[in-house]
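Shared between the two complexes below is subunit A, which pairs with subunit B and subunit C, respectively.
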Partner chain A sequence: MLSLDVLAVALTVEGTLIAAALGGLVVLRLYLVWRARQVEAGVARLEPLLHAWLVEDADLGAVVAFLRAQPPHVAFRSVARLATAYVTFERQQILAPLLRGEPWVQRILRHGRSMFWWRRFDAARLLSIVGGPDDVTMVAALLSDRSPAVRLVAIDAAARLGGRLVDLELDSLPGRQDAVQQYQFAALNRHPAIVAEALVPRLRPEVPAVMLNAWIDAAGASANPVALWRVRDLALHEAPEVRLHVARALRRHAEPETVPVLLKLLTDDDWRVRAQAARALGALRVISAARPLALAVRDRAWWVRYRAALALAQIGGEARELLLEVSRGSDPLARDMSALVAGLSSAAVVEMSEV
Partner chain B sequence: MSSELTAWFVYLVTTADVAILWYMLLVNSFFALLLVLAAPQLFAHWRFGSEDVLARSLTSSAVPRVSILVPAHNEAVTIVDSLRALLTLQYPYFEVVLVNDGSTDDTMQRLLEAYDLYEVPPAVMRRLRTERVKAYYRSKTWTKLLVVDKQNGGKADSLNVGLDAARFPYVLACDADTLIEPDALLRLARPFLFDQKIAAVGGTIRVVNSCTVEEGRIIDARVDSRWLSGIQTVEYLRAFLFGRLGWNLLGGNLIISGAFGLFRRDYLTEILGYATSTVTEDFELIVRLQRYLKEQGAAAKVVFIPDPVAWTEVPTSVAVFGRQRERWHRGLISTMVAHRALIFNPRYGPTGLIAMPYFLFAELLAPVVEAVGLVITVLCTFAGVLSLRFAVFFFVAAYLFGTLLSLAAILMEEVSFHRYRRPLDTLRLVFFAFIEPFGYRQITVWFRLKAFVRYFQGDHSWGRMKREGFGAAAAPAAGVRPAA
Partner chain C sequence: MTRAHRRPARGGRRTTASRTVETAPAAAPRDLAAPEPATPADLVVATADPSLLRMLTFALDQMRLPHQSFTSGTVVLQRLLDLPRGGRPTVVVLDVDLPGVDGHAILERLGSERPDEFLIVVLSSHADESVQVRSLLAGALDHMAKPFNVRVLMAKLHRWVTIARHYEVAA
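Coming up: the complex of A and B.
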């Protein structure tokens, strides 16, 4: 049973902790307000210097000297905030070598192997702005960090450094979930020429379907013509999953030779392939595909009817006339779908076709 | 004989008293454990949610596509503002599916006028059994908006209609009276980019009463000076900042607020959507989802992250507050009864061995234990069985522990998100943390006890609620459960 002594001890501990919490509230508020003001002041003073460099081509030395004079956390947070918001990738390439040797940068990058994830996180964030060829090993380690937050930020660093880091990332894509694959590739593709160079040799029919699918999606997202030529050659792949990804990716490949491939895919046995082919024909505004698309609005699969109707609306002109014709036809399913899409505004058609 | 009876009585009440003391010790220790588990996670989310990292996500076209489901029943006062706030969220790809659940006020009329709606054919794949849908509408001005007008069937039924009409693989369920911060959806989608298997993500709900709201946006976050809403503000901070965060490491959450949760749509359709037979469809859904995931051997988790924020009104009158708490507890009872097979069942892992027993003993039975303990302690003290000194020490210890937990939550808020900028608001939070055990707790216990009576009477009603609009003292239509 609880004795009075135990309760008395509990009361003392609780009272002490409450006093500590109240004191902590006061001290923390003062400290955090002071620290936030320090960073805000740093950002406010750095902004015009960066602006002068970006717009008027002023001397970058002033930016570097200013940051050197700040406490490391102020310099880091100011650069992290402003570089992400204002400085283009190309300009970051100019800024990076100048900052890389600065003592405050060295100090934060030394944390790349820290046991605390938030220090590695800051190092990865900074590497995405100032990373150079000497940092490839560290970025490679951060890409496989045990913290998902660090891994995600390290992708940005890998994108700016390219080389074997891009290969590492492309090889890891197929093992990721869809949303992660897309996000990861979007980050990587900030350096499109290097990415396309690494991607094209991977687009071969003998590659296992699960890997090929991820790389086809990446080729589609990159919209690189050379990569998409290779994708088009995979349109007759035996695996329906691969044909589905090909049809989806080809909506970014505006070449005359793509049209017959997509029309063939519009009659595929797999409804998912037919739906994506319809979507691609709409995205490419293939007027000659209007009649096959009008037939596809009568398809037995809901998604094919939906994508085909949207494609007709997206193509416009004669294709839209065909859509209206279907909406007055005898097939109830086709009539409903075409009536739905025919009533949409142009903006809605574009938006719904895109996603 | 009489002295023998007295001895038995003394033995019984002292045994019960000791059992209650141990119960409180265990439950409070568990709260302390949640606090310890939550602190490092709060720090992690705060760091990762920093603006520049978020800005990068925002510019990416690769974020998951999300359908926002908004059930609305008699929301004419706030619907236009709430919907505009949703339609202007900072997120690349989303749609809003608003389901008008047979409103008897002019909700539908206001929508038709404000958003220039036109009727479209029912080209929707129906998978779930729901009340009859009267019509689908699209907006000529807002391409992201789909409005579904249906016969009244309740919130769960409306969400099921929304699930069917949604186009995207992820769905966000939110209340029409909830204000979602512009970047909240982007933050909520973050766990899906971490390459972890996630079935659902919940975000934080905060109290909007007394905040300045303009066009559906929180301009100035304030703590209400009125005792009832002020104490609820502390209660929400405590529940969200360490209660639910702590559960992430203990086998997953059993509550994702119906007002603000992001789900993988395929999981929701596989479990046939929301249950229409319960008055707390959000809690029931998550328990059923966790059950389904375990039975299927799926590794996907239900997680909570603290930095996505939505704001909701809390009741300012005791009567409305009572109806809300009574309904929540009734829903808890019915869900625990419906899923009793999970309790202490090792097949369901931490959900069966930790979360469900916790909800049974520390949530469902808490008002009973608290009421019995209060009565016994008073009786024993007056009968001279328990020393007055011991009773006073015990009450003060329990009081201080509760206050300490509240102060810890306020401290965590100050260190991390710091939404309340004025020192006066922090002072108010501290004040309400100290007065919460006097009156508020006892009122809550009373309404939760009433829930047992109404449950056994077979009552399935929600109770009448009245809405006055943002910026004024108002009661929520559904409210958001803040329990740990």
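Coming up: the complex of A and C.
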């Protein structure tokens, strides 16, 4: 009898706890739905004010006053959603100083040192829109945050603020994964002049190859001519990996002096360098490179033949004639490759050349 | 009565644009000179982003540029292909991210079936060189990466609509 009583009590306690947990989940869900609806309503009301500013150059005071009247989470999420999607960087620069001193902004930014990553994430995201010179220390801390999500968002904030933060970002580049590097390049490209100034002194042959490669890639992504001149000077670097990155970056450097450098790299000992040089000559549409590229279609490495044939197709005109000529030649490997590429549509050639 | 209202309708694509004309405010924006009122067939906007569509509609209304809007790639492609051949080119603002048929596919289809009949500006979230080159080689007049400056886009549309109108006169 006693054991049945104990079992009944245990079941009652267990049932109560399960019911409480389920009730808690329901309440939490309703709370989140309510907050999401609040944000949606905020976005819908902010939108026309923002449109009036973007289209007619209307007074920004209405936007600032509206946001001040909203709960902080509504103001933040509305701005984050609309500003990042529809407001250009130049316009964000006008918006930022007006919002930076607002109480709701201060409140979100106080979370920059929170123990919860999602609060630090919100602070970093807001800094990427409203950050100013006073926020450099906080952004620097968020750049080395223990959460990768926070670090990624902080890159945008750092690029926005420039200066010492750009140096910090460039120094962190070699240790980042490729996908994060690409994100960093896109963020850094908002400050091409500052980034070029910071990159040039780093592009020296004595720098370790791992770091040099990341910075060469950054110079290529920026397409900044000053930085790419320094990259071009590294074309004879002893490390093939560096020459490979140089050849890849130079496809963004459309200057006559680049052509002889790329033609030299087209005969490099390393097949990866030759392939990237062919790709760059195609991207730059160097018509004078048509004959060397036609020779490269006969290369012993499949990848070089592929890149050279694509480059000829990209250049078009006389280069395409040469490609067709190779497709009728006696070299079976060159013949197959050129016939394959000659059959591609122009859209496919552009798409495949970039991959 | 304006020239736009006097012109006979071309095909069955006037209703929405006419409504846009009726609701457009009389005053031009402060520093963007509005072109003379155009026919409702001048401009087509295709985007599945409701917020972007509202912004473009607002800006086009301010410019007094009659337009039609679409949110489906399949529908806009069919409507553009159904337009009668010849006459003035239609200016198309085409978002790449459309449900059904995407913007690039529409561009390529129009380029092959109706070349030189549309002046197309592509809007895309991607600013990559390859994406831009792909758009332009497929026949786009311009490629604008988001977020773009809506005032710059409106100035371009103003110019292209004027060019399209002169093109018809010359033809």
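Quick notes
The working rule: the second predicted complex is superposed on the first by the 331 of 355 C-alpha atoms of A that agree within 3 Å, B and C clash if a C-alpha of one lies under 4 Å from a C-alpha of the other, contacts with A are read in each partner's own complex, and residues count from 1 in each chain.
The rule is simple: a residue touches a chain if its C-beta (ideal position, glycine included) is under 8 Å from a C-beta of that chain, and two chains touch if they have at least 3 such contacts.
As the structure is a prediction and not an experimental result, all values here were calculated from the model.
Contacts of A:E90 after superposition on the shared chain: subunit C is touched, whereas subunit B is not.
Of the two partner chains placed by superposition, only subunit B is touched by A:M337; subunit C is not.
More residues of subunit A lie in contact with B than with the other chain of the pair subunit B and subunit C.
When the two complexes are overlaid on their common chain A, residue A:E255 makes contact with neither subunit B nor subunit C. With both structures placed on the common chain, the touch criterion links A:Y183 to subunit B but leaves subunit C unconnected.
When the shared chain is aligned, no partner comes close enough to touch A:E325: not subunit B, not subunit C.
By the touch criterion stated above, A:R125 is placed in contact with subunit B alone, subunit C being left untouched. When the two structures are aligned on the shared chain, A:D59 is found in touch with neither subunit B nor subunit C. In the superposition on chain A, no contact is made by A:D134 with either subunit B or subunit C. When the two complexes are overlaid on their common chain A, residue A:E351 makes contact with subunit B and with subunit C alike. Subunit A uses residues 84-85, 186, 347, 351 to touch subunit B in one structure and subunit C in the other.
Taken in their complex, subunit B has these residues touching subunit A: 18, 21, 25, 43-44, 47-48, 50-53, 55-57, 60-65, 93, 118, 120-123, 125, 138, 140, 143-144, 167-168, 189, 192-197, 387, 389-390, 393-394, 396-397, 400-401, 403-404, 407-408, 410-411, 414-415, 418, 423, 426, 430.
Remark: subunit A residues 1-2, 4, 7-8, 10-11, 14-15, 17-18, 21-22, 24-25, 28-29, 32, 80-81, 84-85, 117-118, 121, 125, 148-149, 151-153, 156, 176-177, 179-180, 182-187, 221, 302, 306, 335-337, 339-340, 343-345, 347-348, 351-352, 355 touch subunit B in the complex. Across the interface of their complex, subunit A is touched by residues 29-31, 51-52, 54-55, 58-59, 62, 104, 108, 127-130, 133-134, 137-138, 146-151, 154 of subunit C.
Of all the residues in subunit A, the ones that touch subunit C in their complex are 43, 47-48, 51-52, 54-57, 82, 84-88, 90-91, 186, 252, 346-347, 350-351, 353-354.
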